[in-house]
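Once you've had a glance at the structure underneath, I'll fire off some questions.
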Amino acid sequence: MAVDDLIREEDVPAVPAEEYASRHSDVRKLTERLCEPLCPEDCVIQSMPDTSPTRWHLAHVTWFFETFVLSKGLQGYTPFRADFSYLFNSYYNSIGQPFARPNRGLLSRPTMEEIFEYRRAVDQRMQEFLRESDLDRVAPLLPVVEIGLHHEQQHQELLLTDIKHVFSCNPLYPTYRERSTQASPEISPLSWSSNEGGIGWIGHEGSDFAFDNESPRHKVWLDPFLLANRLSTNEEYLRFIEDDGYARPELWLSAGWNQVCEQGWTSPLYWIKQDDGWSNFTLSGLRSMAPSEPVCHISFFEADAFARWSKARLPTEHEWESAAQNLKIQGKFVEESAFHPLPISDEADDRLSQMFGDVWEWTASDYSAYPGYQPLEGALGEYNGKFMCNQYVLRGGSCVTPKSHIRRTYRNFFPTESRWQFSGIRLAR
Amino acid sequence: MAVDDLIREEDVPAVPAEEYASRHSDVRKLTERLCEPLCPEDCVIQSMPDTSPTRWHLAHVTWFFETFVLSKGLQGYTPFRADFSYLFNSYYNSIGQPFARPNRGLLSRPTMEEIFEYRRAVDQRMQEFLRESDLDRVAPLLPVVEIGLHHEQQHQELLLTDIKHVFSCNPLYPTYRERSTQASPEISPLSWSSNEGGIGWIGHEGSDFAFDNESPRHKVWLDPFLLANRLSTNEEYLRFIEDDGYARPELWLSAGWNQVCEQGWTSPLYWIKQDDGWSNFTLSGLRSMAPSEPVCHISFFEADAFARWSKARLPTEHEWESAAQNLKIQGKFVEESAFHPLPISDEADDRLSQMFGDVWEWTASDYSAYPGYQPLEGALGEYNGKFMCNQYVLRGGSCVTPKSHIRRTYRNFFPTESRWQFSGIRLAR
Amino acid sequence: MAVDDLIREEDVPAVPAEEYASRHSDVRKLTERLCEPLCPEDCVIQSMPDTSPTRWHLAHVTWFFETFVLSKGLQGYTPFRADFSYLFNSYYNSIGQPFARPNRGLLSRPTMEEIFEYRRAVDQRMQEFLRESDLDRVAPLLPVVEIGLHHEQQHQELLLTDIKHVFSCNPLYPTYRERSTQASPEISPLSWSSNEGGIGWIGHEGSDFAFDNESPRHKVWLDPFLLANRLSTNEEYLRFIEDDGYARPELWLSAGWNQVCEQGWTSPLYWIKQDDGWSNFTLSGLRSMAPSEPVCHISFFEADAFARWSKARLPTEHEWESAAQNLKIQGKFVEESAFHPLPISDEADDRLSQMFGDVWEWTASDYSAYPGYQPLEGALGEYNGKFMCNQYVLRGGSCVTPKSHIRRTYRNFFPTESRWQFSGIRLAR
Amino acid sequence: MAVDDLIREEDVPAVPAEEYASRHSDVRKLTERLCEPLCPEDCVIQSMPDTSPTRWHLAHVTWFFETFVLSKGLQGYTPFRADFSYLFNSYYNSIGQPFARPNRGLLSRPTMEEIFEYRRAVDQRMQEFLRESDLDRVAPLLPVVEIGLHHEQQHQELLLTDIKHVFSCNPLYPTYRERSTQASPEISPLSWSSNEGGIGWIGHEGSDFAFDNESPRHKVWLDPFLLANRLSTNEEYLRFIEDDGYARPELWLSAGWNQVCEQGWTSPLYWIKQDDGWSNFTLSGLRSMAPSEPVCHISFFEADAFARWSKARLPTEHEWESAAQNLKIQGKFVEESAFHPLPISDEADDRLSQMFGDVWEWTASDYSAYPGYQPLEGALGEYNGKFMCNQYVLRGGSCVTPKSHIRRTYRNFFPTESRWQFSGIRLAR
């Protein structure tokens, strides 16, 4: 694959390479800071096929820079370890047959120490490359560096959701980070923000970075709609549970009902009923359920059933994006260090709150290509497009998303039964 | 469930009940005629969880009339056999826990003879009810009779696709119906029919029957598009196979590629490679592949990969419906008695041909609710809505669809990996 | 495979071929008589991988005579249908790859009528062969005819156990054969028959027929032991259930306990708890449990746990055979036409009763080769030897075994979790 | 459970408690020494349900002493951590529901450091208990200490077989311990050692320790037999492979043949075919196959098929024990630090060599109770007896067995398909 395959001319960014070097350094440091509370044993475990061991995240994002930047940009570049190309490829078939995903938890070597060494070696070469190479060598690869940084931010989030799942399997309920208990404030009932619809423009525009799946910007027709002014809460969801929500097939999609029966779901993931009421397993250990926190760790099926029970529905991603169009990107992100969604802090009748951060919001839209969608050329074309099937779009980022990572046009996507992400509900009508 | 729950006032049809009686008689007779080539042993087998035994189809459609019409319309109606309500309920949880779908092939009783007796008994009561009852008793149930007739037509098609699958598992390759071999004519290369897009109206309108999932009629925005003038053929698909289509992950959706690897797919269902070239298993036995026939029995994944390989894509269901808007409903349906798609007979540059009949055409659209969609009240609300997830829409009907069953707005839907329906490809760009 | 491979010289039987012809006719007729209560639909179903459709039993035993007798004995013999050799081979790899066992229920053709035609054709050729051929052609194959007759008797039993399982899956609980209800007599408590042990001789001896797994006759050492004078009853087993037998891991082998938990066993197969107490599904339909009938349809695990709970154990097959040495072969066999085990009719303190017929008795002995065991040469060597692993021996025959089929040295064998045979318990200490 | 339940009076050992203290210290130290080559990451992984993480072995053997000795012997003993009782119980249902075995690899906490702390704490209390407590308190528990020490030795072996499996899953093939390559000497063809049979005595006798499954000593009858003078070698096994051993169903038990087909076996576990011939993965990394080493890591099925191909058979455990009766216990054990079986060093015509150490020798005997077998009372009764079903006996110990652990009467047992133990073949006839 030639370098030119990777990028389109118009993508070459205007900012100097040094700025990339400095952002690279920042992003990479955050990843490692997120690992500080973990011991080597924690970083080995793959608790289900969907999750990956911390070790693997740390190495894979490094492999990305090595494979797509260093080995393209530096003549005669020798990989840190030849066999890593096989071990830490996620799903890029063009690069070669990847190591089977469900077996990532079978590897104890390279050890954490060796992986940090790998990171240091690649970081040093990246800094040299970005700061010292000829511009005409560096410039065409800057868009790839950009993708690499966003890619690492995605894995920062996954690293946290995955270790939460790992810890949840341990009856000792380990704590990732202590956090003081806070009162759960009373909050006002849901109100509705109205939008009059019409022709809308959806998708990314402009020279800032966006993933290929956010393009091209295109027209859609929207009928008038209402959007809930805030996220649905634990308290509201508990009413659904207590109204036999998990026992009434008429509230569920057929495939959702099968899931409920086969998996024996009776509450969201990480909800644990104890003698003294409901608790949630969090990255700060087991905590009693806070009624006003946004409900979290629910599947698309549960979001959909809850909406039906509420005599409402989930918004389409077009409705969501259209409503978000003029909102400032603010909310509770990973920088908050709560690693958990928080109650709404500042309420106002029908203004849209909590659109960003806290929890990813399930939409009613399946993840599909925008009209005229073109994946990137070459291996990076496998980044997004090939997953456009049987998944649903989530919007807005979560409490473990880096703030600089999110956009109004950002499309996250997961299968209908996934629950280990910080995923929640905003209703529409 | 009260009768009134089932229908909305405006649905009460204008045609006299006698016309219903006569249509009822016609539809029911066709079902039984389709069983004539079968022996009792054939009618017991469930060859995979997706298919149902012929016995079951015959009884289930009868149960539908008994449950939703006779037991509502006739005071003190005694069911033919009380336990049939459990055995022949498909998926209506509101009626009671249905007999587990994958176990339908474990039942040998009631025998075929007893099921035909059941049919005769219900048919007689239906005729009496429709011809002799007071209008004010009959009228509110006519919309349900209407659904019941369309329901039985759907099962006519399934009965044929399912017995084809059953026969295909038998190394003796039984023949459902003899058919003479025909020459495979040369046909012209694909050409493209263009459509300028804009605001379009999608969905059913008017007083004729349509399923709830075709409503409400609503606006969509369509960018300009091109639609292939005919279906893709075996010959074209063979070129995809010979170009290593089944061995190149870059042509496939990720989930499709997994399916290819896990199932070992190397050709469409029912394609069999023998020493003297490719054959197809058909309802007329094993026949050598006719190059100009529409390619058939492919999954959404295969349709999508073929489209990508063709540097084209699948149409959305909006594009398809918009293009079909003014076309006459004509094509090769079950009345043709070929039980197999046929080569295009009458070609014309860029006019759209083969839009109806022959094979169901996969679209790029997931099966979801139209804006403002309302399922029917009561048990019949389970007919369509609860399947709106992880399935894709197919349009146009097939060679085993009754002609009177299809509409321009008709939405069929199957999961992405389904191959046992008569499903094929029309390309778009 | 040469004819000579099949048999050893000393096996050539002394009785005239005509006697074989007449026994052949009798055995074959009984098989067909056992099918009389069935309709074609019943004969297609394979209710689990362990069972086979009636159709298949009827054809397979016929294939046996065709493959191992007619095609060896008649020069230029043309098989009735070439493809039957593949379809109706059970597990003889030497004959060719057999049709996959779990798929036997996917075949509707040949139909029952065609299979009966197949049987008639083979029967006629067998009669001709046995009655009209030269003795030196017939004689060497008589031992194979002998095996074929015993083989068909085995399948007579399986045909009944399998159709019982098929019917049990149908909520209509079809009846194979009506049988009047009888009072359940009071019976005396268990007593013990003692045996002093020492050197014993085990295995078949003499010129009568026996399967290869019953040879060679050999010495074993037996410590003194006690054997229960009769079979354990439903009433006794019910006490085990009511004493939480299915909920106490300490009573079970580890693998048995796993089975109990995974399968949710709480009673023997075909026991159904209804409002008015326990019922059993039988070949005469659902009947209320008769306390004094021998407990039946239990796995080795259940027999073993019941024995432990009873502060006893299961006998070894050596103990059983040694104790049976001088007993007359009498009991309730298939000729009784009850198709169900019956209460002990004639009791006597510590005399051994019910050793033959009623239910197969699980022993504590795994099914393994006797010292010096030699399987038959050629394909028939696959009859027994290759199953000598992970199965346990059962002795004595059951209520669906033909009386002429059983011997004191007869070794039946099934895996530890099998329950669909008529299998029960005799205790030892 | 009272202390008295655990032991029988006659079991109280004659040796002073101090000697136990000193043996306890030795055994515990060896366990930890075996962990020295491992890093924390290695110790977390459970590579398949049969294996356990190193972490778990270390904690479980400690839990054994805490549960069965300290908490019985020390009044008011407070467990080191209450929740360890649940986490590190293997299969003792009497102690409480154990943590699900297949999930042992989901735990990262307690960390290795914490587990070593746990070991130190329990070791200290054990030393205090054994050296300082009143004799009448200590004495009754010494038999349990004895079991605990043998139990820990069993886990020393498992720790090594399990980490070998873990490492084998890693394409980097980590090395547990370097070992220099040695020449593979030529060795003489197999010869046979004869034994005249007759009445034999089998089982443990005397006051030395033995597991309950080795008792009671009892008589058996043995026909005359021949035993191979040494283990079968890689070279001999390779001839079986090259003679299409894995492709000929007639050589295999039926269940073995299914296993071969389903698992795609074509060689023993850890055999890897590379361009330059066969290699073995060993605890010293990938090494080219040494022809004269004993063949290893084969299942019962492979041992049985190889024996059949060799026109021989596997010995029964009675034959093996009878032949071993007067042999000195010498061979290559874990103390050799080779962690791999070695070629025979000292040959002599028909003398029995390699009976102990190197590889466990599969026998033809299923693992069942000796006549009159009594499991220990209480929870320790679950140690052996409940596994007596569907497993086969292996004899003689292996290169990772501690020498002081093995006995002539020692019965190891594994399911027929297990290959990850150091298991090999001695032929018999």
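The letters A, B, C and D name the chains in turn, as written, and every chain counts its residues from 1.
Please note the rule applied: a contact is a pair of C-beta atoms (placed from the backbone, for glycine too) under 8 Å apart; a residue touches a chain by one contact, two chains touch by 3 or more.
All figures in this text were calculated on a predicted structure; none of them were measured in a lab.
Chemist: Taking contact as defined at the start, I'd like the list of chains shared as neighbours by chain A and chain B.
Modeler: Chains touching both chain A and chain B: none.
Chemist: Suppose chain centres are the mean of their C-alpha atoms. Which chain sits farthest from chain B?
Modeler: Most distant chain from chain B: D.
Chemist: Taking each chain's centre as the mean of its CA atoms, how far is chain A from chain C in angstrom?
Modeler: Roughly 60 Å separates the two chain centres.
Chemist: Compute the distance, rounded to whole Å, between the mean C-alpha positions of chain B and chain C.
Modeler: So the centroids are 47 Å from each other.
Chemist: Measure off the straight-line distance from the CA centroid of chain C to the CA centroid of chain D, and report it in whole Å.
Modeler: Computed value for the inter-centroid distance: 38 Å.
Chemist: For chain C, write out the residues touching at least two other chains, lowest number first.
Modeler: There are none in chain C.
Chemist: Please give all chain pairs that are in touch with each other.
Modeler: Chains touch in the following pairs: A-B, A-D, B-C, C-D.
Chemist: Any idea which chain A residues touch chain B in the complex?
Modeler: Residue positions touching the partner: 91, 93-94, 199, 218-221, 223, 249-250, 252-257, 300-301, 304, 364-366, 368-369, 371-372, 381-382, 386-390, 416.
Chemist: With touch defined as at the start, can you tell me which chain D residues reach chain A in the complex?
Modeler: Answer in residue numbers: 39-45, 47, 55, 83, 86-87, 99, 103, 105-112, 166, 169-172, 174.
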